[in-house]
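What follows is a set of structures for review.
There are two complexes below, and they share subunit A, which is joined by subunit B in the first and by subunit C in the second.
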Partner chain A sequence: MGICLPNPGEAHINGVIVPEEKAYEEAAKQFLMAKVPTIFPGPLVLWAWNEKAAKKATAIRHLYNTLKECVQPGQTPMLIPMPDYRPKYPKINPEVEINPNHPNLTIWHNKIDCCMFVGVHCHQANLALKIIRGGTSCYTVAMCAQAGHEDAMLSFRDASVEKIMKLAEWVRKLKGTVQPRLTSAKSGASN
Partner chain B sequence: MADTHSVIGTKNKKGQTFTDTWKMMNDAPRTPSFYTGSEVIKEALRRASCDVMIAYPITPQSEAAALIGELFAEGYIGDYFRGESEFAVMSQCAGAAFGGARVFTTTAGPGTMRAMENFPMWSGARLPIQMIVTCRGINSPLSIQPDTLEIAYLLNTGMLVWHAETAQDFFDWILKGYMVSEEPDVHLPLALCCDGFFVTHTKDVVNLTPADMCLPPYDPYRSPVPCMDMECPPVRMMRDPFVMKSNYISYATHASWQQEVWAAVERSRKHTIKWLNGLIETENTDAEVIIVASGTAVSQGREAIRLLEDEGIRCGLVKVKVLRPWPGEEIREATKNAKHIIVPEFNVTGWLAKEIKATIPNSERVHAGPRVCGGMTMPPEIIVSEIKTLLGIHTVSMASRG
Partner chain C sequence: MSKERIKISEDLYDIMPSDYQDLVKSATYGKEDRGWKDIGNSKELIEQHSLCAGCPESMAFRYILASLPNPEDTVMVGSTGCTSLVFPMVAVHNIHSLFGNQNAIASGLKRALSVRFPGRTKDVVVLAGDGATVDIGLDMTLQAWFRQEKFTTICFDNELYANTGGQESGLMQKGFVAKMAPVGKLFDKVRLPEIARESGCHYVVQCTVSKPSLIEKVVRNAVMISREIGPTYLQLYTPCILEIGKNSMEGLQEMRDSEKPTERFAYKEYISEPAKQLLAEMAAKDKEKKAAAKQLASQGA
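What follows is the complex of A and B.
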């Protein structure tokens, strides 16, 4: 814990600081390789509490649609919200939401092998990312609006509408060039 | 949404200009002023764009707290009041910070101890409150005199802990402290400690930034947790199932939560190094004897080094500015050539020496002392005497001095 986070214009992949451009390519590859690439939008982009949030939400929907267009048969992109941070017991419905305090339920249930957090408050994102890392083998990406996330395997910082759209562009650019992991028995979502 | 940078160059209601903090601290002209440490706290806070200050009077921080009351009367502080006790004060600080305010408080000794339950809560809730700790004795029989034992208790709260040597450190670090603790990847409370009376009640020349410049306001929208929301953690965590349940995921959440707080302490390292120009300061680290100290023990160490130089004995110095995050790597590097590491401290247990011993190779090199406590002063001659004894040089007993 406590790795050095990227400076503006940079990202990190597995804790190694890289130019942001390299991270777009790697994130797009991971999305296109995954059997169930999933976007987890959080409260900061699920409600139109300001104009920027609304625009980000539109960009995230665009990224999701792009993913759906670019994956191959057998791949199932998902968009599962993290609507709030309330602990919910006995458990959440993993088909409709993800809970930062119990994220592995949603990962396991849907066999998600690559996910991206966006619009989640940093503390809650780190909490969930740590548990996902500890309890699943899902590849984690963070599109963070602040300083980035050490607990994601790949993290952007200073997320904006432009950056989300650029990631969508990279997904489209790499369409058909990446071999999906469709033969994997565990789909990367084991515990 | 508030945008901190958009207000730079505009004026607040007192006519101060919100200024880029880096420029204010590094480029703006400084005016030498002759102030007590308490007055310096007031002057720093005048420039800190602080929303709320709450305190309970306890020596030796009372004067600073009272002076900040004057700032409130002048309109520099958003709100200011006295709590019912230190415990109440720290809880009220939490409430203000939960609501998105920049918060400041001061305490000392038994007050720190009384409020202790709040400090891990502040960290866990990611509240970037700044607390000045003017250290004094905490034990019975009652002592109001300087003693740094309370710092030992703060080291494991998840707060950032800095230890100022001088009033100048205090002035600069109060302002810079907000810049570090409010970073979204840090967002933790800061305990900015000094040795009570030695710093708070003595006058020193302090170079102040212009009074018509102030920090940009705190932007709560950069917080890693939502502002006050009774339905969501961190507020709701205090009464909700994942705290109370005995099951794996409850433990996993708590474990992740604590790891995240300590990861944030580590992440502050990058920002602290930038603002404080390193976690430690060093002099003559090629010497065989090195004094490693924090707070005013550094000043006494400097004087001891001067006395030793007069006798032809060369000695190095490491000033530990920051205790959390712990500058382990820096201390290892700075002491790698030392045969003797002397750690003078103003407390009975020698917590700094223990931290250093746990950090460096060949820890038998660490001499945990001299230590004074209960308000005793530490004449540099005591440090000189211990160093000479370690080097096998005959010294006159200090005991006869009474």
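What follows is the complex of A and C.
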């Protein structure tokens, strides 16, 4: 059988429903362990189509800045946009963007081993997460504004500015306590 | 205007690819008198394309996208064919329909948009090749016209199925031999402009895309008439230079040769009475606006 999505106040880690606090801790750990922890903001936050979107964008930038401050030498956090969903194959420049129709190109190119999607419409996030899960060894986190994503390895639900800020707090809290996977043979994305 | 929503979040502006930044900074969304002369002076709504070098379809795309009166509130519906290779690079909302279904999709879309956004002008423009419009999708094309659906249908007529290797299409000229049609076409080219007129289209034009100013005029007219009155149809000759054995730089000349008065793409236009009236009103308003602007300028001088 498939996995159940979390209820409000919960999240899931590898399909197991957990209290949200546990998921913050695990997501922060995964970010701090990764060689290239990456945030993929989608159109719902990249475009300032309402005030809330702009505030979420500010929170995402804060999370990225926190990550940069908290990682160790050799780790390279990235912030790569998914500006829209057009299937721009093969023109996409994987250094500067990710596309839901072939997200693996960006994962492979930048050797991303942990990523978080935020502000991506559900159906496109599902598509991208499935492709990443099937074709790479990248750890996937979904900061979902709706009910969560079963295709992510870790998924929050009801994403808000507060939740993004809280994740940043957890990253700061765990700074220095997590050993990065810098020397692991299989670190980074593989196909 | 939804143009106000075309704004990048300030905190993530720097990570946006430059083509998106350019679209926000210098594209002509919301510009009232936008047209083909903006090409070169502003960011175009097409970011490169994957068509063959020198393909007239790419010219047609550029002129049409530069001429849409309301691109920020327009949805284009495409279909399978060379055109579908371009839509991923187009900065106007678009839907890729099943082969031939484009006018059915556009019908539902237009109606849904009118219900969802009652106070806002939303244009729907179908853009498909001749295979989708005249062969596989003829039923859907005609039924949309019979029902007087308020959207524009544009057919890129290259007279064959180009990207599958050159099969015979309904719009192929009689006697033409293509790579995948070695016997030669036995029947006349389907007279879709005449059929469109009889099927209830209020504005029908057949022409080539050799003249950007003409394309600007007919696209604008077609969209405005479909918005207010009913269906409109444009059949634009965009020859497939590969399939007719021409070189990259010969597409324009091919179109010029084919639009001579005795040739099959001589300019053809039909305008219904209500559409004529609307165009006259539009022209009068434009005149008034220009006169007012002139007066203002002279007062300022």
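Basically, the second predicted complex is superposed on the first by the 186 of 191 C-alpha atoms of A that agree within 3 Å, B and C clash if a C-alpha of one lies under 4 Å from a C-alpha of the other, contacts with A are read in each partner's own complex, and residues count from 1 in each chain.
Following the convention adopted for this analysis, a contact is a pair of C-beta atoms (placed from the backbone, for glycine too) under 8 Å apart; a residue touches a chain by one contact, two chains touch by 3 or more.
From a predicted model like this one, the values you see are computed outputs, not experimental measurements.
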A:Ile60 touches, of subunit B and subunit C: first, second, both or neither? second
Partner chain(s) touched by A:Gln146 [first = subunit B, second = subunit C, both, neither]: first
Touching partner for A:Arg86 - first (subunit B), second (subunit C), both, neither: both
Touched partner set for A:Gly9, first subunit B, second subunit C, both or neither: neither
Subunit B versus subunit C as contact partner of A:Pro19, first or second or both or neither: neither
First, second, both or neither for A:Leu46, with subunit B first and subunit C second: second
Overlap of subunit C and subunit B interfaces on subunit A (superposed complexes): 86-87, 89
Footprint of subunit A on subunit C - complex, ascending: 5-12, 15-17, 20, 48, 50, 87-89
Residues of subunit B touching subunit A in the complex: 1, 126, 183-185, 187, 222-226, 231-234, 236-237, 240-242, 245, 249, 252-253, 256-257, 259-260, 262-263, 265-267, 269-270, 325
Subunit A - residues contacting subunit B, complex: 1-2, 4-5, 43, 50, 52, 84-87, 89, 101-102, 121-124, 126-127, 130-131, 134-135, 146-148, 150-151
Subunit C-touching residues of subunit A, taken from the complex the two chains share: 41, 45-49, 53-54, 56-58, 60-61, 79-81, 83, 86-89, 91, 93, 96-97
